[in-house]
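This is the structure, below, for whatever I ask next.
Letters A, B, C and D mark the chains in the order given here, with residues in each chain numbered from 1 onward.
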Amino acid sequence: MLSVVTDYLTEALGHVEEDRSGSLAGYIPELAAADPHCLGAAFAMVDGTVYGAGDVDTAFTIQSISKPFVYALALADRGFEEVLAKVGVEPSGEAFNQISLEPGSGRPLNPMINAGAITAHSLVGSHDLDAAERTRRVIAGLSAFAGRPLSVDESVCSSEMAHAHRNLAIAHMLRSYGILDDDPRAVVDGYIRQCSVLVTARDLAIMAATLADHGLNPLSGERVVSESVIRQVLSVMATCGMYDAAGDWATQVGIPAKSGVAGGLIGALPGQVGIATFSPRLDAHGNSVRGVALFEQFSGDMGLHVMSVPPAARAVVRSHYVDGTGADAIRVVQMQGGIRFAGAEKIVREVIDASPTEPAVALDLTLVFSLDDVAQRMLAEIARRLTGEGRRVYVVDPEAVFPSTWLTQAGPVDVVTTLPRSTAQ
Amino acid sequence: MLSVVTDYLTEALGHVEEDRSGSLAGYIPELAAADPHCLGAAFAMVDGTVYGAGDVDTAFTIQSISKPFVYALALADRGFEEVLAKVGVEPSGEAFNQISLEPGSGRPLNPMINAGAITAHSLVGSHDLDAAERTRRVIAGLSAFAGRPLSVDESVCSSEMAHAHRNLAIAHMLRSYGILDDDPRAVVDGYIRQCSVLVTARDLAIMAATLADHGLNPLSGERVVSESVIRQVLSVMATCGMYDAAGDWATQVGIPAKSGVAGGLIGALPGQVGIATFSPRLDAHGNSVRGVALFEQFSGDMGLHVMSVPPAARAVVRSHYVDGTGADAIRVVQMQGGIRFAGAEKIVREVIDASPTEPAVALDLTLVFSLDDVAQRMLAEIARRLTGEGRRVYVVDPEAVFPSTWLTQAGPVDVVTTLPRSTAQ
Amino acid sequence: MLSVVTDYLTEALGHVEEDRSGSLAGYIPELAAADPHCLGAAFAMVDGTVYGAGDVDTAFTIQSISKPFVYALALADRGFEEVLAKVGVEPSGEAFNQISLEPGSGRPLNPMINAGAITAHSLVGSHDLDAAERTRRVIAGLSAFAGRPLSVDESVCSSEMAHAHRNLAIAHMLRSYGILDDDPRAVVDGYIRQCSVLVTARDLAIMAATLADHGLNPLSGERVVSESVIRQVLSVMATCGMYDAAGDWATQVGIPAKSGVAGGLIGALPGQVGIATFSPRLDAHGNSVRGVALFEQFSGDMGLHVMSVPPAARAVVRSHYVDGTGADAIRVVQMQGGIRFAGAEKIVREVIDASPTEPAVALDLTLVFSLDDVAQRMLAEIARRLTGEGRRVYVVDPEAVFPSTWLTQAGPVDVVTTLPRSTAQ
Amino acid sequence: MLSVVTDYLTEALGHVEEDRSGSLAGYIPELAAADPHCLGAAFAMVDGTVYGAGDVDTAFTIQSISKPFVYALALADRGFEEVLAKVGVEPSGEAFNQISLEPGSGRPLNPMINAGAITAHSLVGSHDLDAAERTRRVIAGLSAFAGRPLSVDESVCSSEMAHAHRNLAIAHMLRSYGILDDDPRAVVDGYIRQCSVLVTARDLAIMAATLADHGLNPLSGERVVSESVIRQVLSVMATCGMYDAAGDWATQVGIPAKSGVAGGLIGALPGQVGIATFSPRLDAHGNSVRGVALFEQFSGDMGLHVMSVPPAARAVVRSHYVDGTGADAIRVVQMQGGIRFAGAEKIVREVIDASPTEPAVALDLTLVFSLDDVAQRMLAEIARRLTGEGRRVYVVDPEAVFPSTWLTQAGPVDVVTTLPRSTAQ
């Protein structure tokens, strides 16, 4: 039996296959010599399953798609304060080859433009690394996102260095503002090496899935960076990832994304999926023509838009009843699903509206598969108030979804694995 | 028993209460005469429950907070094509009082700046409305978002008209480009009337909750605008709502938001909650000082960031087993929670990996509370393939979460309300 | 006998006659209906002689050519300080239809763009004029520059008012910054009336000659504005007159100039000539195509470039000798031409280098036709020193070129009309 | 007897001496260590006389004042077409440290900003020079302007190289656009060497006088560059020389000028004088505070504003009479002064208005000291017409001011050295 998802991807490629518009990046011979017909798409699920169709195992250089990942590494290695002091988070509304430095300070507007990406490269690793060590750390970091050791296309790398005048201009300008501390040429060398890392669409899908799964690599299980770093990276991709078409992309596709001049394009939908496409012909913005078309299909067909969140809150209370009577009565609130603020609020309300008079209350989490931090705090607070009123409180939690320290603040609660029954029955 | 959420809000207000920085909008006497100490915050849940603390019933003028709602009305009344032809969706990276028209076409960059908002006002209702009728339609639309009839502060309105030179300048400029078709003064009159609508923080929270609940008003139950309109509005709020601090807001707060010069500030977290704050002193960007501080608290405390989506996908398959043996065997896949693409993919995979040989398969949706469109299509496709192989397929759906037309394409499926048992047992 | 200059102009028109490129201004029907074949050129000398060829008596609207003249009127009526506080003098580097206000203050960058011209219009006359009186003062002022009463093309005027949205936008914006104090619509009414004044190429040449002759109208002899006002106006025309092609014009043509959308173009070469051309087809900058070509010819053929000043200083000392001997000896310094700083310096040097020992010195101005202020001061200083040393000083000045008050500071000088002869001869 | 001009300069220095505002350039130690009290001013006349007061023989680095001279050298060596293709002439309206490249082409806006000056440096000499040869040619050219061999401050030069990141950024950017053909670092090396040339205020005054005298060095008599090159350089200095204060300077001072970061400032008034000042403290625009104040004095006191041209045209016809009667009558037109277009036009008119019937006409140039090209052409045309009518024409030209080829086109004219007398007398 063939995979539904693979079939879908194959069909989606079919819809864009005939589009021959756009043109190859031509500034170095290696990119100009790419096969323009290449076309591939891959979905990586957060458990490591990868679906692919077309040329998903063809290697090409990562180019600008490295930017969000190296920004993540810089944030992880140096902390938010140091990185934000040197690279902003504002959309530039400008083409990918603009300099876009903040007037006065010279701070690059965001890490998705070259100036910001070169700066982010220089901020990976500790201060005492030399340029070669820093570049090795960058490539090791990209490999951690991909879940396998990545290597550099030396031919692209040396060709890019011979055409690096714009990046050298940017680096010298950053050096003149004190944004870069190191030798501009050495930083550009490292940055170009970073951009020359070879990946496949399959690799990129895994890298995107690592973003989608909050920093956990779905293949290796490694935590590459923290959740807060990922949140920052996804936010910046959402507003600055697609160059001067940021608003169009945000409304029509709605998936935090990043493209590369070799034809790659990734998108990460938080909690769901990492997506990568590969097709080398580029539009005027420098984005892959067929890659953009594929993402528009994916977003439209699959509701994969960050502003299309389902009404998860509605049904968190599965049932609510009183078991038994009098001194034996137990009020049971049976919850279900994943519970965040809005869900927890509902549960709080059920309990408040009920003004329970029963001597015992059971909060049944058996059908709950996740409780986020705020939900844990809110349930703990309910429990605390109920115990404060002298009631007995059971938390029925057979799968230990409520392991948090918050629970310890809830007073003398009974955590049990099955629902207690009223002895009155 | 007091509400946990109300207590939280009260505590949050306490943290910002002492902040006296910023200053009142001073361009008209009415705003300059506002009580600078006012402070309130409200959360509206998607079922209509409203939590409030502080001055949540004090009336003030809606001002720019009307912009996303009137943009929504224009999209609903005229369609995406006509509206997008006249108002863009790109961040302006500029202060709120810039004109920010696209060079050449004169199209306002986005509907959150005045030029775009004035244009959006002019696009509400059908073409044949006169200015007064259009303004009435706008106010009726805002009232529909609020779930109660809203009225205009006539004193603010006439004072604003006397100080409307910048808006008149913008409107004449738009008229000169053919972006506005109507008399510029009449449009500005209507726009100022729109901005002078009186609301409370409670109203604004309900309005924001209507955005959060995809266009359904939680009080009236009315569908005010369609889901696709809301998705567009939330996307634009996310990238353009907070003026020139868009990137900071997107990373640090991560809630689609809009502020008004009278001190209001709203945020809508899709599927969760509508939030409103009220505090009249403004920062240099024109946003409420204490409002911004409150949103930072809310986002940090409650995980209410659009890029903080929980890993909902993990647990959609609750159990998977074969009941009975031989010709009587039924393979049962018991699902749970809200199922979207990533969840549906898991289910598809369970079935594929199993390469089921049993003559019957039961897809048990009993514990599922929502199936989005793509998930329905994927389950239908699985069912179609299984029936195509000659197997019997049961869809166990006691709460009718799978009502869609997709199911009819799944072949001869048995939709049942309880799980069939193998007779072999 | 035909005029050499007229022949030259006729020949110059011949060189551009076949050029049909460019197009008529089309924003109002009256301009779109102009005869595109019209072609004329006129030179007005500073004594009122006018040479013309082609359509020099065809009336058309003055449009933006009114700007430098109305700026002059504002400077004359309100003084430099008040006008400079509201209109800058910096080139905008932008197209003629940009707003170009200084960030923060809203001050228009210069008086040659519409924002600055509208502001200049509002500054003509005293503060207490009403809008109609101000407009009459503006038209009377333009008439004074032209040396005849000018009238308004009412048809163009009312048509422009119906298409004045851009100017209304600008005026409202200026009003919002407090740059305009009056009702924006009334100011725009007046400004459009100013632009609708009917002129011929002949009129424009006289107006330009008034600029070239430092404010004296060559026909009426009236001093329309002061020399210092003219210097300011010419300086601003030189840097801001030709919109975004300012640098090209300054280098290639080098004549302070201003164009109008009806096809007029004027240039003023200080001390020499006022030039006007008329040809309605415009280039992309909004300047008359054939007008620009004619000015390029004039500048090239006639050395009429402000940076092509002849070496006038060389020959100011015509002869220098001692007449007679002993106690009767007179040192004679015979000067010639127009004397400015560099010439006066030479004369000073002749006298210093000579270390005269003769008891008398004659400064012979018989062949001098002008002495500017600094030259007068320097000659007076020489005379003062010579008389201070006890010498007798004659100033031979039959045509009274040295009437200044400076002379009175020169000590006991004999001003005579013929050169005294040594009695020793 | 002391010089009037020297006294004036001493007095002028006295007026600004107490001004201690502004600060030294601090980006390299050598500039930061300059003596802030230095103050000097020099005037160089076009015959080589130099007046000086204060520190006019103190050496300092030329810095940006080299820009107009090196631009002149590039124009002379490569021609206008090649240079204009790579460097524009438009004011940038920006601070001196902006990049200001034309969008798309990357062409620097003008040669007075660093990007344009670096490009101009690269265009000096023939294409086949290597970098060291080119730099030697640049320094030789600056020496030719100064009239003495100039040398480089090696200490400043190497210190500037260590802080050249901004210029390296610019050069790499120019290289990426193909504006520079050579190695960016080598060009910047040469450019910094150019800026490190040592000059005194006296040198700078001579260099400015070379500009004022149309390319002739007043000390050496050498023609350094052609008149057309000088006209271009002066025009560009007038519009782009004083950075972002171009309009203020053009209106208030009106002298084509250029400043340097070491405290030098030059101005060239065509046909009159070269001016230089030296005072190291700089204002926010990077111009010498006291230098600017001195130029404002000079312009105000001495009428040295390019738009203050005296009415030279008025008196070109000194006398006009008929000598003798009948067949012997000679019409005599006695001219005087320097004659340009406007003067020649007057003479033409005298002859035309007279409709001469006399058999002979004498054009008496005895008192004329210059006739420019157009004046020669016009007088030749008059003579041609008179001879064409069968009249005898004398050109009385004892000092050969009319040597031109134009005269040969005037028909059978008698060029004589004294005025012929009518035999009829």
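Methods note: a contact is a pair of C-beta atoms (placed from the backbone, for glycine too) under 8 Å apart; a residue touches a chain by one contact, two chains touch by 3 or more.
Labels paired with UniProt names: A, B, C, D = Glutaminase.
Remember, it's a predicted structure, so these values are computed and weren't measured experimentally.
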Intersection of the contact lists for chain A (Glutaminase) and chain B (Glutaminase): none
Euclidean distance of C-alpha centroids - chain B (Glutaminase) vs chain C (Glutaminase), Å: 63
Distance from the mean Cα position of chain D (Glutaminase) to that of chain C (Glutaminase), given in whole angstrom: 21
Geometric centre distance via CA averages, chain C (Glutaminase)-chain A (Glutaminase), whole Å: 66
Residue numbers of chain B (Glutaminase) (touch at least two other chains): none
Chains touching one another, given as label pairs in label order: A-B, A-D, B-C, C-D
Residues of chain D (Glutaminase) that touch chain A (Glutaminase) when the two form their complex: 99, 165-166, 168-173, 175-176, 184
Interfacial residue positions of chain B (Glutaminase) with respect to chain A (Glutaminase) in the complex: 1, 3-5, 43, 45-47, 49, 88-93, 110, 213-214, 227, 230-232, 234-236, 238-240, 244, 246-248, 250-251, 254, 256, 270-273, 301-315, 336-338, 340-342, 345-346, 348-349, 351-352, 355, 367, 369-370, 372-374, 378, 381-382, 385, 389
